[in-house]
Amino acid sequence: MNHNLFGRGFSKYTPLLLLLPGFLLYVIIALGPSLATGVYSFTNATGIRGAPVEWVGFDNYREFLFQGAVSRDNIAATIRTLRFSFIVTTVQFVLGLFMAMLLNQKLRGKTLFRTLFFMPVILGVAIQGLMWQLFLLPRGGPVAQTLSWFGMRSEFLGGQPNEAFAWVIVVQIWANVGITMVIFLAGLQTIPDELYEAARIDGASGWGLFRNITWPLLTPSVNTNFLLNIIGSLQAWQLFLVLTGYKNGTQVLGYLVFAQGFGQTSGSVSSAFRQGFAAAASIVLFFLVLIIGMTAQYIVNRREKRIMG
Amino acid sequence: MSTITESNLKHTRSKGIARIDWVKVGSYLILLVFAAVYVGPLFMLVNTAFKTLPEFFRAPTALATGLNFQNFVDAWRLAKFPTYLVNSVIYTTVATFIYVVTTVFVAFPIARGYYKFGKYILLLYVIALFLPPALIPQFQLILNLGLYNTRIGYILLFLINPIGMIIIVNYIKTVPRELDESAAMDGCSYFRFILTIVLPLIKPAVATVTVLHAIGIWNELILPTIYLTNDALYPVTRGLIVFQGVYGSNWPALAAAVLILMIPMLILFMFLQRYIIAGLTEGAVKG
Amino acid sequence: MKKLNLIILFSTLVIASLLLAACGGGGTQTSPSATGTDAPRPVTLRVLVHQNPPMVEFMQAFNERFRAKYPNVTINMSVVNANDLSTVTQTRLTARDIDVIDIFGFSNAAQPYMRNVDPPNWQTLIEAGLLMDLTGQPFVSNYDEATINDAGSYNGKVYAINLGRVTYSGMFVNLELLEKVGVSVPTTWSELVAACEKIKAAGYSCMTAGGADGWPIFVGTYGLLGAMYPDQEALVEGLWTGTIKWNDAKTLELWKRFQYFATQMLEDGVTGLSHDAAPARFAAGDVAMMPTGNWQGPALEDAAPSFAWTYIPFPGSDNPADNQYLFGKYDQGWAIASDSPNQDVALNYLAMFSEPDNYQAFIDAVGFIPTQPTATLDSQLGRAVKPYLENFRVGYEQYWVSPKGAGQWANGSQGAAWFRPFNQWTDPVALANQAQADLQAGLDANR
């Protein structure tokens, strides 16, 4: 069924014509090179001009998934990635919605709060890391001080893996909840006041208003945030680089790909460039994210169809 | 959560009646707690920017002893802000503009379901969200196009962002179809329809995407190192390297440079935030 | 319906990859100023260096001097972060956009006893023919033979000149504090243990290190490793061939000392101390020792400690004779792109840099241990390390290559950073067994 209402004959194709530049750019700049990464994953490519490149079949995948003890570490990193993603997605989603609803009221200074909560997004990972390293200093840092009032103590980022991991989760949510909040805010603004008024006349209140009006009408924002959070958290690893470094017991899959591909597992050592292997590892990550993301997308679409009709 | 919305309504209709709104008081309290978690790290950054290097290393968390503006002066000069700022502005505005316009033209037919394959195009963009970064193949592409170490080549790298596509498609779906029909009946051309009618209606989405995309370009650290080797083409972030050594970094100067760097994006956000929050145009939702 | 979706999706993918292939032709990049050879022609020399502030400052001054001598040359020097150096080297060589390259000392070469390991980056560059053969260039002989052989040669040809060594197996010692507490500078492990006890009993901290960055913890124990295994290349070979095991009796003692170091010697709170900030912490005066690299010397002098200090090899062995070595690595070096159109200018650049006066000025600026025999490191640190320079040895981590498939605990040299409070381990025997098992898994996978 064609819903295109614009013009007949040639001009019927205007939307298509105007769609092409954006789409072609996408294919050439993003999709093509990414697919080439897939091809790379079956080679021992180093990325160095003139160096021989050989097909190695599934060797890189075998090494990543099944060889020796490293597969154990890779699988552990995979599970850790999923755990990280689950916690970050859930908390960031709920917190973002909560903050958006707080700020959707008529409050003095809400612009200031909004800007403040969005600020980390503007900073980028390196600066977020610097700020939190200072904020979380075990000796005399503000958080250490606050914890000590309650008789608690933490080694923070330099400590044991579980502790360091937990703090990275905190920073990840802190850094990104601003986007979630803004998208929810934009969504909340599309809900007309009249709907609430009508519902109130019908006797609805509190939880009922939220369940029957806010939540269903927020669907586009909910979907966008749900997907963004899942994908963002599955691929996030730069904060680990900045906050904990390549520490055994905290690595997530994205960091593993980067470190093994560019030989940056331990600072000064000049190791091999293993672009082929890194490509294989990133394809594994890709499929993981794809499966989870597509499942999420499927759920979201079904929900959207149910609600929006 | 819902009580807040409710109180919001209550409040709008009870203007002028002076009484303590406990929901509001609670909201403020919660917001202040959140704010502390955001102000804290930011304060550490500002505090660092006002310290001398020895002062910082002696006691990184202690309060700066005075307002030492020297770091800002050093940062401005050493990181070559005056030269690089122009480049950053060019890259950010041009790439964001092209990106947003091309994206809206891809998004609209997909959101409206004009073409059967639209679904699959959207699927491709969704898949792109999951795709691994393709540093090496992308470099080969730009090199072979003869665009290595050029402005155009660098801008080309920032014309794609699947997240923005998905946000815009989702928002166009909330714009009622009746608008298309009335526009088509008025004999409005598709091109004009998108630019003069659709674009203003999806301002919230466009503003969000613009901010996110511009921030990404503005803060990019790795790509200028790889794609630009001519000093005249460097963006501001490339200048930050001055403060980072292998065996030690000048954190106070870096903090000062970062504070300068974040100001334009903060202004952009504060400016566009009005549009993001202004909500969809009256007629679009209610009409 | 689902199947059709997939088919359409895949065909789109195939088309996209074809599109890419069409773009991937062999485009050639023309370099600027590639004509003429004799008369002084205007030349732009493209130089790549990694960020190290004193070095960059020196290079800017040196470039001025070079331009004064060769007025037809413009120098375009790019500075990148050390972590990005290898990536940018690779991309700029690929784009034929570089003449003179900053390259770290050649290390981690694949040895005959290593099975199925990938060659290191520098070796791939040479084998791909991207680095110019510098053999026989007059300036090469300005550097000592060990440097030329160990840090810049491959298959009997010279591809890089290396500009300086750094050592990381020693520690800075606060002499005044030791005197105050009444202990002498330790020369053996048991003396060190006793000294720490005494220092702590007197209310001071024994050691500090930049624990927040992780690596300074295990780098701080490279001296412990070196004292136990003075021949570090043999240690690597032994681990690969199975004659040395991470959990044999001798090495088990090493793990116990790692743990003692991590839990008893280092002060509380080092988990949050960054590498940058460690010298200032040491300069505060209430910590007796700081095991770290000699590169912290200039930062320590900047922090202006009010006490007398020195730098000694980490006393890791109970035999004082084993504690006379300094282990370390070769740092920055120069190489020339083999297809640079400006090779003559690049050679002049290296030749002028290698002139003893210029080189000495470089050493004065960056504080490396010199690789030209005529140069001296004349700083407090230079004087401190001088007696041990005869005994400079290349460290373990410059030889070690993990077998593919080895687990994350296989490189036991990092063991000190795996105990609490830095990581999860509390039992040295269990960790030693884990390390050996992780290494063995890699060795077995490549049988």
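Order as written gives the chain letters A, B and C; numbering starts at 1 within each chain.
We take it that a contact is a pair of C-beta atoms (placed from the backbone, for glycine too) under 8 Å apart; a residue touches a chain by one contact, two chains touch by 3 or more.
As the structure is a computational prediction, the values presented were derived from the model and not from experiment.
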item: Label of the chain whose CA centroid is most distant from the centroid of subunit B; value: C
item: Innermost chain by mean C-alpha position; value: A
item: Centroid spacing, where centroids are CA-atom means, of subunit A and subunit C in whole angstrom; value: 34
item: Euclidean distance of C-alpha centroids - subunit A vs subunit B, Å; value: 15
item: Rounded Å distance between subunit B and subunit C, as computed from the means of their C-alpha atoms; value: 38
item: Subunit B residues counted as touching two or more neighbouring chains; value: 60, 124, 127, 137, 140-141, 251
item: Set of subunit C residues in contact with two or more other chains; value: 20, 23, 87, 94
item: Contacts with two or more other chains, residues of subunit A listed in rising order; value: 28, 31-33, 36, 47, 137, 141
item: In the complex with subunit A, residue positions of subunit C that touch it; value: 13, 16-17, 19-20, 23, 83, 86-87, 90, 93-94, 104, 106-108, 117-122, 124-125, 127-130, 211-215, 269-274, 329, 397-398, 400-401, 403-411, 414, 418, 420-424, 437-438, 441-442, 444-445
item: Residue numbers on subunit A that touch subunit B, as the complex places them; value: 1-7, 11, 14-16, 18-19, 21-23, 25-26, 28-34, 36-37, 40, 45, 47, 97-99, 101-107, 111, 113-124, 126-128, 130-132, 134-135, 137, 140-143, 174, 179, 182-183, 185-186, 189-190, 192-194, 196-197, 200, 205-211, 214, 220, 223-224, 227-228, 231, 257, 275, 279, 282-283, 285-286, 289-290, 293-294, 297, 308
item: Subunit B contact footprint on subunit C (complex, rising order); value: 5, 8-9, 12, 20, 23-27, 29, 46, 50-53, 76, 78-82, 84, 87-88, 91-92, 94-95, 97, 275-277, 279-281, 284, 293, 295-296, 299, 302-304
item: Interface residues, subunit B side, partner subunit A - complex; value: 1-9, 11-12, 24, 27-28, 30-31, 34-35, 37-42, 44-45, 48, 59-62, 102-103, 105-106, 108-109, 112-115, 121, 124-134, 136-138, 140-141, 156-157, 159-160, 162-163, 166-167, 170-171, 173-174, 177, 180-181, 184, 189-191, 193-194, 204-205, 208, 212, 215, 219, 221, 251, 254-255, 258, 262, 265-266, 269-270, 273, 276-280, 285-286
item: Touch list for subunit B against partner subunit C, complex; value: 54, 56-58, 60, 117, 120, 123-124, 127, 137, 139-141, 143-146, 148-149, 222, 225-226, 229-231, 241-242, 244-251
